[in-house]
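Look for chain A in each of the two complexes below; its partner is chain B in the first and chain C in the second.
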Partner chain A sequence: MKNKDSYGKKTKTRLLWIIVFLVIWETIAQSRTFPEAIFPSLPVIAKALGDSVVSGEILLQTGWSLALILQGLLVGLAAAVLLSSLAVRSRIFDGLVDTLTAIAHPLPGIALLPLIIIWFGTGTLAILVIIVHSVIWPMILNITTGFRAIPPIYKETGLNLGLNQVRIIKDIMIPASLPYVLSGIRIGWARAWRALISAEMIFGAVGLKGGLGWYIFKQRVFMDTPGIFAGLFVIVLIGIVVEDCVFAAFEERTVKKWGMI
Partner chain B sequence: MRLKIIAGILLAAFFGLTLAGCQTEGKAQAKKPEIRIAEQYGLAYAPLQIIKEKKLIEKNLPQIEVTWRQLGNTTAIREAMLAGELDVGFMAIPPFLIGWDKGMDWKIACGLSSTPVGLVANKDDIQSIKDFTPKDKIALPQPGSVQHILLSMACEKLWGDPKRLDNLLVTLDHPDGMNALLARREVSAHFTTPPYLFKELENPGMHQILDGREAMGEDFTFVVGVATAKFYQDQPEVYHALLKAIEEALSFMEKNPAETRRILADAYQIDENELQKYLDHPDTDYSMEVKGVMKFADFMQKNRYINRKPANLEEVLWK
Partner chain C sequence: MGNDLRNKADNFRDKTVMISLQSVSKSFPRSQETLPVLNHISLDIYQGEILAVLGPSGCGKTTLLRQIAGFDKQDSGSVRMDGQEVVKPEVKRMMIFQDFNQLFPWKTVLQNVLFPLQVNRIGESDAANREIALQYLQLVELSGFEDSYPHQLSGGMKQKAAMARALALQPKVLLMDEPFGSLDALTRLSLQDLLLKIWQETGVTIALVTHDIQEAINLSDRIAVMGRRGVAGFKEIIPNLLDRPRVVGGGGYSEIYAQVYSLMDFRNENE
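Moving on to the complex of A and B:
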């Protein structure tokens, strides 16, 4: 009960601040200090958003982006879990994963773009590679930390019960390190969004399948500032929905229910 | 209570910054005359290199402060001009028209150059735009660019549908586009200008399937100089000094070919012989005349790239 109250309170203060921001925005826009092409007013932005929802374009592009992100996140998560499990079990692998992370973690995906174009072209595969690259390293860091924080007795109990390696990972190590894994996924999700939008803004088909980043870029080249804000609004909305609903609900049902945090 | 304090600090910081912004603007106006010019990369901008090297603007207006900026694409130039950071930008006609359509207070000051523009394909079975399959991709700088409009024109001529190939487009800037074309992976054609155009055609198997003039159906100015209304009205003497400098640069290029070659080879890091070949190309022409605006405007309005078009050329030309 107490939890629900604090949740409601959080929503209330958040709403309050959003309203404050909107009022400030509209006041500045109405004061006509800046030309409309720089600072459009809220109704104009709402109309641009409405138009692109009605035409179906923004929904289509958003769907495309979300599908790509989901794929990238899943591949990245699977690879990160695999590499982290290997790293905590063998010293040699630990060295390898550690070195790889040290090399690749500081490299922004966009800096690799020229190479990625030459190696993987400019299609879906290239964008997936950039997403996987940007999510896998922070996830590995989080997951290995989580695995290492598990008291050895958990694993030993599992071994005593005669569990095999896969079940030890699946039933003991992942649940026991779930808070770490979860924060890894959270970071991965945020990183994936950024990587995806930047990659899409740099290349993407002019046609149907360009994604949300492409949508924003297209509004930019045709100087449709309200359209740019419409695209940004959708990104923010998805970010809030995923954070407040998906992650919060998952947490509620797992680590909070188990009393881990 | 604490929330209120934080809110107060945020608001104060916000208005403080806004005011600071206004102040610097005020200072800039009181300063000595200045001109801020943006260009892009490519041989089409060659006269500007001569102006820079020979300091032709400073020659006519000794006390002036000239700032040159090289930006990667027209959209960035347009945004900087909208934000009041630039006075003059050099760009192609379609992006100028898009800005004009959306209410930007700017007009064309002069033409600068015409240059070869070509669509280069890397597959033998692509001999014309008819031969593209849904698997092919065509790289060009961005939608709304002159290359995109030219391709749309060619499509309209062939199929009556300007957007026919839009689903195949990928936006890459010229260097990345060239790499992608030469890698022969997904990108099977690249719409580009010199020096990239010539460099690509030097590679075996690369061939040009469409050129700009063919798509447009007539000669057109590739790069025009665009000036904001504020600059034109507030600093007429600087505006005229710029036009005079361009005029002098063009006549310098004609009279001193050897020195021109040396300056340009230096500026673009190209071998002098190769550069001469580019300059000798029949489609390369440097002139202040402005050609093709109305044809672009007609086409772009008809196909909804812009919502309104100028009634005549004079409407979008300073003078």
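Moving on to the complex of A and C:
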């Protein structure tokens, strides 16, 4: 109950500030201090957004980006769980995974772009590689920390109850470390989303589809500032929806319901 | 010496030995030296009895129980159950910990009991497993809380659920490590009663570690008193033949209390 109240309050405060922000924006735009092409007013942006929704373009590009990021997230998550399981089980793997993470974690996906283009070209595979790279290291860090923080009693109880090693991982270690896994996915998602948008801007369209990043970039070429804002608006919206709806709802249904956080 | 003491328990001569510890030793590595905890411990646990293991804190009761369960490997000596060497935890020896966290928080009470039944294919169908789970929840008087999550339960209820989960697998022996040690006095008494009821209904063998003399007297058939860590081993194994139900101040109670009390080492464990 208390959580819900504070959640509602947070939403209200946020809404209030968004309205304040929009009013200031509109006042500046209407004052014509800056040319329309640089600082478009809200109705113009809304129209640009509406038009590209109607034409289907922004939906198509967003769908494309989301599909890519989902694939990358799933591959990254699966690989991270596998490597983390090996790392907490074997000393040799622990050293290997730890070293790999130490080297790769600080490398922003974007810094790898030139190399990835040489190795994988500029197609979807290259984008997936960037997404997986952005996702996998923070996830490994979180999942191994989570695995190590599991009270030994869960594992011992599991063994006593007749669970085999696969079940110990699947039915004990993953649910027991879910709060950590979730925060790993959160960080992974945020990083992947940034990397994806940047990569799309650089790679351009593959056929018709270039994703949301390409959409925004393309509007600049046409000097379509309202279109740029429309694209940015969609990025922000997706960020908020994923954070507040998808992740928060999942948390509410799992770790919060179980009293684990 | 240990053997002489054991033979004092004449009434148990005709009993079947279920678990047998022969000269079990265990020490733990410390930064510089090793810390000897169990030093050539021998002990028989009889089929169907309640054996209380009593001793001061830090004397190695948990260590002993963990060897029997198969969680840790002894340095030397042997732990055998029905003639077979214990090498790993098994369903036939179920450990109940003091820690309330032994339930899986991500499963409801019912799921906690049901899940191991499914894993071990105890019932013939899911419906049968469900039946078994519900039946054991009823045995521990937890009916009505099937769909609660562990964090919604009191400490006593969590321990009851843990007992239901263990018993549903029909183990031969329950290894209980101060299972009621974190409960308030009243809840502890009611869980002791419940444990006796369960023991009478299921006939399960119980090895109960405790540091509560009254709990040992109220529940057990024999009381194994451990001395200080690493050196003393079992000081004596006292047969406890008082009639049940046992009440504080009942016939013979104070004598056995005095006997146990005189054996207890109350000195600081670090001395």
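Basically, the second predicted complex is superposed on the first by the 256 of 261 C-alpha atoms of A that agree within 3 Å, B and C clash if a C-alpha of one lies under 4 Å from a C-alpha of the other, contacts with A are read in each partner's own complex, and residues count from 1 in each chain.
To be clear about the criterion, contacts are C-beta pairs under 8 Å (C-beta built on N, C-alpha and C of every residue); 3 or more make two chains touch, one makes a residue touch a chain.
As the structure is a computational prediction, the values presented were derived from the model and not from experiment.
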Touching partner for A:Ala104 - first (chain B), second (chain C), both, neither: neither
Considering only the touch criterion stated at the top, classify A:Leu60 as touching first (chain B), second (chain C), both, or neither. neither
Which partner, chain B or chain C, touches the larger number of chain A residues? B
Please work out whether A:Ile172 is in contact with chain B alone, chain C alone, both, or neither, and reply first, second, both or neither. second
Based on the superposed arrangement, let me know which partner A:Arg220 touches: chain B (first), chain C (second), both, or neither? first
Which partner does A:Leu86 contact after superposing on A: first (chain B), second (chain C), both, neither? neither
Give one of first, second, both or neither to describe whether A:Glu156 is in contact with chain B, with chain C, with both, or with none. second
Go through the superposed model and pick first if A:Ile38 touches only chain B, second if only chain C, both, or neither. first
In the overlaid three-chain picture, which partner chain does A:Val75 touch, first (chain B) or second (chain C), both, or neither? neither
Dual-contact residues of chain A, meaning touching chain B and chain C, are none
Chain B to chain A touching residues, read off their complex: 7, 14, 75, 78, 82-83, 95, 98-99, 102-104, 137, 139, 142-145, 148, 166-172, 176, 179-180, 183, 185-187, 305
Contact set on chain A toward chain C in their complex: 151, 153-154, 156-157, 159-163, 167, 171-172, 175-176, 178, 254, 257-260
Any idea which chain C residues touch chain A in the complex? 69, 71, 88-91, 93-95, 97, 99, 101-102, 104-106, 115-116, 119-120, 149-152, 165, 169
Under the touch definition given earlier, write down the residues of chain A that touch chain B in their complex. 20, 24, 35-38, 113-114, 117-118, 120-123, 202-208, 217-218, 220-224
